[in-house]
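In the part that follows, the structures are each spelled out as structure tokens.
First subunit A sits with subunit B, and in the next complex the same chain sits with subunit C.
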Partner chain A sequence: MTDVTAQSRPAARPGGTRSDLLRQIWISRADYLYVLPAIVVMLVVIAYPIYYTVDLSFYKTPPGLQLKDKSFVWFDNYTTILTSGVFWRVTLNTVIWTIASTLIAFVLGYALALALHREFAGRGIMRAIFIVPWVISAVAASYIWKWIYHSDFGIIGVVMVQLGIVDRPPNFIDSVNTVLPSLIVVNIWREFPFAMIMMMAGLQTVPEQLLRAAQVDGASAWQRFWHVTFPHLRGVSTVTVLLLAVANFNSFIIPWIMTGGGPSNASHIWITHIYELAFGRQRWGVASAYSVLLFIILMTLGYFYVRALSQGERRERGA
Partner chain B sequence: MAHVILKDLVKSYGSVYAVRDVSLTVNDGEFVALVGPSGCGKTTTLNLVAGLIPITSGDIMIGDRIVNDLDPKDRDIAMVFQNYALYPNKTVYKNLAFPLQMRRMTTHDMDQKVRDAARMLDITHLLERLPRELSGGQQQRVALGRALVRDPAVFLMDEPLSNLDAKLRVQMRSEIKRFHQDFDATIIYVTHDQLEAVTMADKMAVMNGGYLQQYDTPAQVFANPVNLFVASFVGSPAMSLIPLEAATNGGTTMLSSAEGWTIALSDQNARKVQRAKSKKVVLGARHSAIRLHKTQVEGAVPAKVYTVEPTGDVTFVQVFLSGAVVNISLPPTFEVEPDEQVWLEFDQNRMHLFDGETELALND
Partner chain C sequence: MTTFILRGAAVRGAAIAVLTASLTATTALAEPPVDLSKWSPDYVRSIAGTEEFDTAAECGKVTPLDYKGRLTFWYQGVFEGDPDLLRQYYKDFFETFRKTYPNIQLEEQALTYNDLLDKFRTALLGNAAPMAVRLQILGGTEFASKGYLEPLKPEDVGWSTEDFWPGAMKAVTWDGVTYGIPTNNETMALIWNADIFKRAGLDPDSPPATWDDVVAYSKQIHDKLGIAGYGLVARKNAGNTPYRFMPQLWGYGGGVFDEADASPNYGEVRLNSEASKRALQASYDMYVRDKSVPTSALTNQQADNQPLFVAGQLGMMISHPSDYNVMLDLQKKATGADKEKAQTVIDNMRYGLIPTGPDGKRAVVFGGSNIHILKPEYVEGGKVDEPAAKAIICFWTSPEWSLKMAYAGSNPGNLNGFKTKWMKERLDNIKFLDVTTSMLPYGIPFPALPQAPEIMNIIVPDMLQNALTGAMTVDQAADDAAEKVKELMGGL
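Entry: the complex of A and B
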């Protein structure tokens, strides 16, 4: 069918001229008209801010909301960032935060999806309970966890003391050493339901016959997972991991509300650090340069995401 | 290879019975087709034999072992599925090797067996391909190979041809039949297509509503269906079944219709009809056992032509008779028009009679 349509359509002339292009546009003028409002909105709220951020990243800006005294400094802001110790600290935090949150949330979600895929009494209730962390507001969750971790009144500390594990409640989020892992736990708690839902949806697409064939062939439950389920869900897994990675790279609410990046930058990740530089210390130029770097990194991640998606589609089409 | 015995096999889900009291013996090297409409319990029966679902009661013997509580892998069976169920991410070689790998066979022995099986099924040139790079027929052969490589006691096949197009289905039908002959394989084969069962199997087990209706050679099932269901299910086009009433007039037993006509019965058929529980009798006739006349003939009954379907070799004519549709086959040279008045003559020797109450065949 498609071949016939392709043949019946006049072949595009190689090296189309300018007037060809204009004629094409004129022919589909209505289509352009329909998308025009969307394009305008995109230009105003996305393209212009991106342009302005890139532009600003080359200027030294005095503190204050007045940007008229800015001076062009070439790549000074970038050099400042890359030579500062804080940058490397924050980058390391971001990497740890992103990788740990992503992988643990994914593995946990995957495991729960597998567990909940079987029929058993109370499965529906379990599923509903596990989805709760994902549906409650991140802000509310952050405040709740702040209290759970509180060094005087936090439930975890109290329980640990009563069980005799420690003498006095530990400083979960007030200590440089434990703050980042503590925040990562909260982040995983919030994100695993997403991975779980994605993988549950994926599990429903695993062909029953393949699992039965493997069972007859003598594969144990683990071998059936490894040889049938796991390869079948590779596409869904890639997409889930990438979505989680991008979301984690962009995290803001949990670290900002729970610690504001402290103590001594121990829980700052890129987004909170940029936010603090810009809106806390009003260092617009440096903050813009940070944003540009972040943008480049996220675009790279995005590229791999899209590529993984299209490869998954190609695999499914069986090309 | 081994024989398989099912004894009083039952599978129920709560109060719903999928398989009821099925007993049958599959002899060593026999090809048995489980056949019936959707939901008749044939696939459930196969899965019970495979051990993929637990039985409710009864016994399954493979060889001399009762396998009721054994895992599928310990039953010494191999299975071919409707969609072939090849592992999509593994090459043909790895698909064939998988059951051996799961049995921790040494690499050398495994390689030998895989290559032997590939040679027997003529798929050696496909070993490095992925399943998606194969045609339907090739995938089918790989699925057979994966079953063969294990050297199982019994092959279980679950509608392995239903995904193929009509032409390939006919071709693969003979390949599976050949496979059975070449390897003396004991095969239990599930299909909803009675034609597959008739053409391939040594014996066919016709199932309906979870019950085994008839278990015999295809020729016997075709010639002597035990009840109305089997009569209507086996054969293409289906046997025509006409509900009538038995009557006696001056010592002659005859069948009379609501339309007023009667058919006088031969002595043998009269004895059969007298065994019926009530007056209600169903007359069954295959398309080739009915003669169509264009003029009134002694013993023929009047009817009207509904449709005429020329197929080339044979022309099938459908006729309305006493509320039933009757199929008749005619030579293509015979000319007949829709709505034409015709007369039908039933061959007394090839006539089937069923009890209208119990639906069982009436025998002499």
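Entry: the complex of A and C
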């Protein structure tokens, strides 16, 4: 049974004795038991794969051999990655993909949230329509967009030709110059509803009396937004941007289904490249080293995410 | 109307003989059930329907029909580009197997060509593979060389090694040991739309004789009609790409190694030879210079060419005879004017031999699939029910089912399949079958190397994409690909 008095007892002092700590653990033993299954599951499905991936990143895994025949090579895989031209190209693609998708989806979602926050006829229907891209399966959406973009008979190209805007359908996903921007558009289309929902939820928490007071004081709509709404939504904005950034860094479905990273690696981002290295080319060691680097980047983003959440909580407590 | 281009046969006779020898040569060749030296459409017609086979009785000798067991089985199944007819045969196969072996609990899983290798490799790493697997021809040596497969030869399931194409047996042999049995083997052909040819000012009944002609015809069709001339495919990680580019590469006299020679030893990388570069240049000319092929070639596969073809927007493509049935399926689904347009295309659909290179060399990929048994340590549960696995392998590689499962687009792996009544029926029902039958002697197997899947699915398509997107020149793309192959092979 949980010791309900545990919270009221003084916590172990920093630098307290080991027996103090053990006593605290003993007192809270029921709490630890409650979370034990979750910790075990996490160890099995998260901690072990992370350990294994880190371990594998120090081995050479020739594609012609079984994985058990790997050989220890210290940091060779990391050196291979960092000195490879493909790495820098894929990294640039990933950075462009992540920043452009995140920022544009966020700004678009924010703007729509502000627009849909106002009362007007049909607002509910508009909200439902804007959420559709988010609820469609990413796989289905990728196939639909592949046909929309099709370089020979995609609907955009056909319409543009019929309207006399161009002579030939534009090349969206079969050109190294346009493929990444074209995929980013699809990603933004998929993600802006998420930002919109988050910001709409945030807008519900902006105190109405503050906005009214600012209006009485003669503040314009822009001033009310900039001085009242925007600061109030800083916390939820940070969380939304960080969540979008993490999701975009980890993107796989849209680029893989629509182009497979091509043409000529122009739409490869980290995850698709890692997938190809591992499952297509069986360079498990190099792919693991890539994954470790990606893990470090995402953990850094995760740290800022947790910090943003903590700051938000502190602000709420302060309020 | 089927049209064959057999002009200059005498000139090309020597090349054919070498290729045929390559496919048929084997160290311990006993008497095969068919005479491969007489191989021609007429010969195939003469042997069709001459023998009866009782599959259940034959397989019952390998695994008793009342055997009780459990089998997990993955197979390369039908995909979006296959005709409905083939779907029905797959369904029939599993129904018949279950009726014949009612006590074998079969857990089968179909995977498409492009997904199977990735998933199978992943399963092997986790020791979660199925007990038996049917892989594309490229995969046999990769998994055999790594020690995942049990030795398995036709004799183990009641057939004889000589019942199968010797060239196909090479694809399941590693280090002198046989690790699988071919289920089907095939060669593709050139398909063209005679109506488009006529409207473009070309002879509607004469396909391009050489690859240079393909380039010229494609341009003429595009320039005159504003549609795509040739159905180029250059997507990465898609089997369709090497199946269409390698005939071109070999035709021009190039190759990844010396796989097109009579006795290949894969000792030299030829991907950046002058001949190979000429083949790549031909693709470049069609895609970049003439813009006479679908722009979507870099992200599409053959399944995307099929709707273009049936819509009358594509003049030529390389594919199986099954594409005729696919066109019929697509036509059934069309409505209004589209239905009529599709019918016109079907009426004007022609099949011919794959064009030759400038020196008269004709080549095509000797494709197909193999079936294998896994070692227990890599299988989920650590056990392989060998009698159950042999039962399904005997079934699939039998004359009856190796023919039926390849009914629309391929050919039976078991040569006795050509003698069955179903082959006779098939010759009457499947249009243009003669052409691919005629292409079989020109078939060249992919290099029987564990690295072949990466070379064919990644390096060769990358080379094409690098040249066609302008990321590299033709020379640079070929040199880059050759370097990658050398690196992969450990510095050849």
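Rule of thumb we're sticking to: the second predicted complex is superposed on the first by the 281 of 319 C-alpha atoms of A that agree within 3 Å, B and C clash if a C-alpha of one lies under 4 Å from a C-alpha of the other, contacts with A are read in each partner's own complex, and residues count from 1 in each chain.
Everything that follows uses one rule, which is that a residue touches a chain if its C-beta (ideal position, glycine included) is under 8 Å from a C-beta of that chain, and two chains touch if they have at least 3 such contacts.
The structure presented is a predicted model; accordingly, all values stated were derived computationally and were not measured.
Annotation for the three-chain superposition on subunit A: subunit B and subunit C fit side by side.
Of the two partners subunit B and subunit C, it is C that touches the larger number of subunit A residues.
In the superposed pair of complexes, A:Ala219 makes contact with subunit B only, with no contact to subunit C. By the touch criterion stated above, A:Gln209 is placed in contact with subunit B alone, subunit C being left untouched. In the superposed pair of complexes, A:Ser137 makes contact with neither subunit B nor subunit C. Legend: residue contacts after superposition of the two complexes on their common chain; A:His227 is shown touching subunit B, with no touch to subunit C.
Of the two partner chains, neither subunit B nor subunit C is touched by A:Ser19. Closest C-alpha contact of subunit B with subunit C, superposed model: 52 Å. Subunit A uses no single residue to touch subunit B in one structure and subunit C in the other. Touching subunit A in their complex are the following residues of subunit C: 118, 121-122, 125, 145-148, 228, 234-238, 291, 294-299, 308, 313, 450-451, 454, 457-458, 461-462, 465-466, 468-471, 488.
Those residues of subunit A that touch subunit C in the shared complex are 63-67, 146, 150-153, 168-169, 171, 173-176, 258-266, 276, 279-282, 284. Considering their complex, residues 207, 209-210, 212-219, 223, 227-228, 231-232, 318 of subunit A touch subunit B.
Residue ranges of subunit B in contact with subunit A, taken from their complex: 50, 52, 71-73, 77-79, 81-83, 85, 87-90, 98-99, 102-103, 132, 146, 150.
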